[in-house]
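Following are the structures in question.
First chain A sits with chain B, and in the next complex the same chain sits with chain C.
Presenting the complex of A and B:
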């Protein structure tokens, strides 16, 4: 009976794994085929990998797009972790009358879809451009700024801070640490899992972000990877081999980040549920 | 603690400072004298702009144009955000807009575009291009390519079933379905590939009758009382119900349907030619005949699918941008020969159509002079005003067409589509 059960379980899991892995496999195989073979659904690896790579790197500025994407994702993630953890810590640890009202308003702001914020945000950056063009329209900075922190991450850190032993704070105070010292030397090291989880989510969000960079970035030299991939597919006769090659290249960094931080990520996410 | 803070602060500062140096000031035309243009498809529209730029530099050596490649949907998104925010910051001098969408931009942002009436003569262009590119007495767009349609046919399959291309020349869609059933019976091949979620055939079907989803004012919804829309929806559904249609789900499976030899015909704009020719093993097996027409009075065997035009934004540099477009796309006969020979783009500038490049025969299509045929059909394309709501109307029709297919009365479906469209598009 037990054996039957486990066979059944593995069968279902295998089907589920196939369904979720197949697109990924298809992507890797398509990278090695030429466009005509891909549209005809070829499942055999082909011999056009180097040709696709050459076409992609010769005709498009992939290096600069990769650099821009890394730049945006890393800075936004670092800023996001520092600011959101400070905010989440503050909300949970300190007492204040208006705290819960402010937090509710913050959570409500999560409900507004980005499409509704886009036009006013663009206008704002249009105005910023007049006085401070270095962070205005068509700069990498303008892509980063709206994402340096979001209500979701503040909420995420506050939930996880609930598990943090408050006695440690008292102990730190008695030992003469300043408040900021407690935050960086006691709180932060014990929040590794949460930081890793938030870091992965933030990195992926920023790496894959499409809509906002699309409207705010205009010059080709400021293009990010998702914008580049979108351009590849825009022709009347798209070269699918080149498109899949670009998608694979664009997927590698997020995959790497995830694999390296996976252990922490799982712990961080389950932590937030318990909290 | 100090170590922590120092590392973080120094790290952030370095990154931020390097960001500042990266945030290159985007200089405007006033400061640099460089015009910018947005267009999609590097092998087609962008290539056309490059050719035009080369011609214009011969006239004006100091001319500089930066051509930025963006997907069509991306351009629409950027224009909408930029124009509705009202800042005009970062907008290009020249932008390519698909004819179906042009009126929605011209009517929503009338001050954002520059009137080109004084720069070139729209009467030099194919008649049907005028309605989408002009607004309120002004001429805002310089027409570029034509989306003139044709029915691409596999001659070998036809022969196998005992037909000749002449049998499918100047037919109605109803005749097309009858022939399709016969061919399927004899060869097992499906007649056409369609995507019910993106039924672009509906657009070229109704244009054969010279009407659109909106009345001539471009705003008043015209669906339930529109004989052509009714016929198109009925025909399109019949293609599926008679079992002669291959169903595709996206662009690549649509292309695959003919490249792998699954279908006998492709009813589409002339811009599909490169994709048809991409499967070299099918050389000599294709021919192109006029697109079928709807079974309504006054319908002709000529239509359009897609096609776009260039617009100038009302920002500094507009005069230069207008002069550039006028002396290239607006009047240069040689340039249009290059478009045909180098990128396979068929323009709509009538004085250029007599050129040699338009008379070449194509061995892939059994020696047929396909460009010459396309421009003959182009002259017959009924002129319609695509109005404000082409794609929104299509979305509504897709839903109702699905209900019609699963049993709803056609009249009820169209009345409901009309109601929805009136409710949603009431501006």
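Presenting the complex of A and C:
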């Protein structure tokens, strides 16, 4: 009976693992094949990788899409870490009745679906364009700005600040550090794990964001990787080899982040549920 | 006392930037959306029309189709995914299991790829002459290829398969983390009392995981109500709006057809209201006997 159960367990998990991994294997194999071989369902690696890469970089602007995606994801993540941790720290360390009410109101913004925001945001950036075209419609900054702080990250930092030893703050004050000095020189260095976890989540969200860039970006040179992949995929005569190559290139950064920082990633995901 | 109130004032400066950003990019647009939803017109010329947009909504067959489709995804996909995630996490929690790390990473890996990227992959995998049909034909499960992208029924099935593939491993991680906190002696006691695996799962595991079930149910529900990337990139909402979601319809109303921002804003309040209702129901069901 026990043996049967164990065979059953391995069988189920193997099928689940195979189903989960197959699309990844498929895209890795297909990026080395010609379009014709891919349509025939070839499961053998081919010799067309460099051809696909050259085609992609020469004809489809993947270089600028990569740059744009990195620019957006890195700037948004850095700003998000600083602003959200300041707020999470402020709410927890300088706790007061007024701030608790503000915190609760901020949390309500997590319930607002993006679909309800996209039209007013688009119009807002239209207005901004009249005054500051450099951060208005069809700029990378317009993609970044709405994601610079979200209530989720403020909440996340507040939860994690609860575990920060408050005695260190007193010690800093006795040493004559200013309040902001305590934040940057004592608090930040001791929150490396939390910063890493929040940083990964923010980077991935911004790297993979699709709907908002689709709304706000118009010119091809401002395209991000998801927009490029989406455009390649909706073409009438798709070159499958090129498309799979673009998908692999677009997935490498998040996959690397995941493999190297897996521990923080899982900690960050589950840490936000606790408490 | 003076020092304390001084500290409290400094605290406001710490939270100020975040409050400004969230107000400007969440609360202000939300208010604008509400005002917009009472106005109508093409492009920039909008006039006050009262509740006309909301009345139009209930007589708009496309809007009703989008709402129906979103409900179908929600009611079928979310329970399947949550049960699968729980099931895998229980299998992986077995202390004698070998290759645990491999299985866990493999099942989680879909959560790493972007929604657009996997949507495009799925569109090709499930095309009429795609590899999934070839595989099913070879196994003689089907005698002719399934029109995954062209058939109203199978197109919905495909969207459900796709979302389940992408999010099951992600949700599983929450259950795994929670299971590690469950006291093993509870299961020991149940086994001595003669409880089989199914009874242990339904009478111990599920009640213990209730807070996490609530959390994953709410986040998945909110996610599904906002579903956009997948139908946009796999089926384009087709065939004939049969996979169209509410978010996608709002996008089309605003940016694909002649823009009618007022009506689009009214449709977006359907998602807002549904999000609030579903969250409240789930809190009621899951929150009280914690």
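We take it that the second predicted complex is superposed on the first by the 245 of 275 C-alpha atoms of A that agree within 3 Å, B and C clash if a C-alpha of one lies under 4 Å from a C-alpha of the other, contacts with A are read in each partner's own complex, and residues count from 1 in each chain.
Quick note on the criterion: a residue touches a chain if its C-beta (ideal position, glycine included) is under 8 Å from a C-beta of that chain, and two chains touch if they have at least 3 such contacts.
Given the structure is predicted, the values throughout are model-derived calculations rather than measurements.
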item	value
Overlay on chain A: chain C relative to chain B, clash or fit	clash
Partner chain in contact with A:63 - chain B first, chain C second, else both or neither	neither
Which superposed partner A:207 touches (first chain B, second chain C, both, neither)	second
Chain B versus chain C as contact partner of A:218, first or second or both or neither	first
Contacts of A:177 with chain B and chain C, given as first, second, both or neither	first
Chain B versus chain C as contact partner of A:90, first or second or both or neither	second
Partner chain in contact with A:151 - chain B first, chain C second, else both or neither	second
Chain B versus chain C as contact partner of A:111, first or second or both or neither	second
Most chain A residues touched (candidates chain B, chain C)	C
Clash with chain C, by chain B stretch, listed 5-13, 59-67, 77-85 or 95-103	77-85
Footprint overlap on chain A, where chain B in one structure and chain C in the other make contact	39, 41, 118-120, 122-123, 211, 214-215, 230, 233-234, 240
Touching residues on chain B, where the partner in the complex is chain A	1, 4-5, 8, 11-12, 15-16, 19-20, 22-26, 40-44, 68-74, 77-78, 81-82, 84-87, 89-90, 92, 251-253, 255-256, 259-260, 271-272, 274-275, 278-279
Chain B partner contacts - residues on chain A that touch it in the complex	35-36, 38-41, 59, 71, 74-75, 78-79, 82, 118-120, 122-123, 125-127, 129, 133-141, 144, 177-178, 180-181, 184-185, 188, 211, 214-215, 218-221, 227, 230-231, 233-238, 240
Chain A contact footprint on chain C (complex, rising order)	7-8, 10-15, 17-19, 21-22, 25-30, 32-33, 36, 88, 91-92, 94, 96-97, 102-103, 105-110, 112-125, 129-131, 134, 165, 169-170, 173-174, 177, 197, 212, 215, 222, 225-226, 228-229, 232-233, 236, 246-247, 250-251, 254-255, 261, 264-265, 268-269, 271-272, 275-276, 279
Residues of chain A touching chain C in the complex	5-6, 9, 12-13, 16-17, 19-21, 23-24, 26-27, 39, 41, 83-84, 86-87, 89-91, 93-96, 99, 102, 106, 109, 111-124, 145-146, 148-151, 154, 179, 183, 204, 207-208, 210-211, 214-215, 225-226, 229-230, 232-234, 240, 243-244, 247, 250-251, 254-255, 258, 262, 266, 269-270, 273
